[in-house]
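Just passing along the structure, written as structure tokens.
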Amino acid sequence: MVTTASTTVHILLFASYAERLGLERIDAALRPGATVADALAYLRALPGGAELPARPLCARNLAHVGADAALADGDELAVLPPLAGG
Amino acid sequence: MVTTASTTVHILLFASYAERLGLERIDAALRPGATVADALAYLRALPGGAELPARPLCARNLAHVGADAALADGDELAVLPPLAGG
Amino acid sequence: MPFLSDTPLDLAGLIAEVTAPDRGGIAAFVGTVRDHHGGRPVAELEYSAYGAMAEAECGRIVEETERRWPVRVALRHRIGLLAIGEAAVAIAVAGAHRDEAFAACRHVIEELKRRVPIWKRERYADGTVEWVGTGQAPGLTAPGGRP
Amino acid sequence: MPFLSDTPLDLAGLIAEVTAPDRGGIAAFVGTVRDHHGGRPVAELEYSAYGAMAEAECGRIVEETERRWPVRVALRHRIGLLAIGEAAVAIAVAGAHRDEAFAACRHVIEELKRRVPIWKRERYADGTVEWVGTGQAPGLTAPGGRP
């Protein structure tokens, strides 16, 4: 069975990344089966998106994930600049 | 030249050692050239002195020393039970 | 929001949280705002966080640490505008033995720096403003892995 | 007598003593009176010291530590009668980097336990009283040597 529904991912940007892209949140409609890498490719196509590093730190639903992690409809994906806590 | 003067050492006892010997301070007249070991032998001859361990912790003039350290007239020698600070 | 605080941190309060009659060794760490960074005088500093995830990640660090060592952990990170010398992070760890307390305290600050989504923007004496990164991010892809 | 105190210890005061704008990492240790020792419930505890030597030895430990690492050290040990849960020792060490602060703080507590002439007498719930030794003494013959 082929599903035609898209996967909507709520992307959050923080700190320097939010400044570079000029946005803190964007909802992206990705193809079903999309991964974190696909969401990053979507961001890179946006104005300022080319400035993102090759492999930024990412979190899916409040937990760190790698670029090959799968995304489901309704997931929250955060793209995190270098951490500076402590 | 042979000196006939004795070496007076002020011996301090603390905590459990003071209790075993029933004294906190005693001035011992030792032969010139005496060492910490000689002072300990002097203590062992006192009532309760046999209960001292073979090699108790000792301090001469506020600094830790070994049993072979030399004693001079007027030195303060402290015999220290196992430490329990912290 | 128990781990992030927008008011000054209280180490004595954290120590009181973790101390108990059978946990006599308490190791603590406080990180304060330095007056210099890369040779430039810092005037003030602002911490921001991905709040929901920072809370979750701090909770996971505390839980993992208390599972790995027989200790209790209290942890706070300041957010918002901080003056030079103010505490940005405070950690208190109590255990029956100091080995465990020191090891666990050290673990908490290392994991916090590595995993908790907090950022700082420094304003320098010359008026310029800059996001400060510790360079931890790019290689970190999973909570268990080292960069 | 700056290192021995017959009143409750104040860790915040020690931290304030060592913190400076260029020393942003503060490691601390507090040792409190435990309620059990060797399986027996402890009611209260008394610390006594060879005061003049304890002061001198603490001074030497602080000096050696500040020479070995680029840190500042503050240290206090309580003497007299203490209740369960009260702090017996408090140490604060500040440095520019946490590695140094942790290493130096750990060094100070280890050396204090090994070298500073302080004794404790515990009174147990059953009324008996006992001098408590950590067994450090017999092998220790010089300040530089390990037992």
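For clarity, chains are labelled A, B, C and D in written order, and residue numbers in each chain start from 1.
We take it that contacts are C-beta pairs under 8 Å (C-beta built on N, C-alpha and C of every residue); 3 or more make two chains touch, one makes a residue touch a chain.
What you see is a predicted model; the values in this text were computed from it and never measured.
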item	value
Chains contacting each of chain A and chain D, listed by label	C
Whole-Å separation of chain centres (CA-atom averages), chain A against chain B	75
For chain B paired with chain D, centre-to-centre distance based on mean C-alpha positions, whole Å	26
For chain A, residues contacting two or more additional chains	none
Touching two or more other chains - residue numbers and ranges from chain D	31, 109
Chain pairs in mutual contact under the definition given at the outset	A-C, B-D, C-D
Residue numbers on chain C that touch chain D, as the complex places them	11-12, 15, 19, 21-22, 24-36, 84-85, 96, 98, 101-102, 105-106, 109
Residue ranges of chain C in contact with chain A within the complex	31, 47-50, 52-54, 56-57, 77, 88-89, 109, 112-121, 131-143
Chain A - residues contacting chain C, complex	12, 14-16, 19, 53-59, 62-67, 78, 80-86
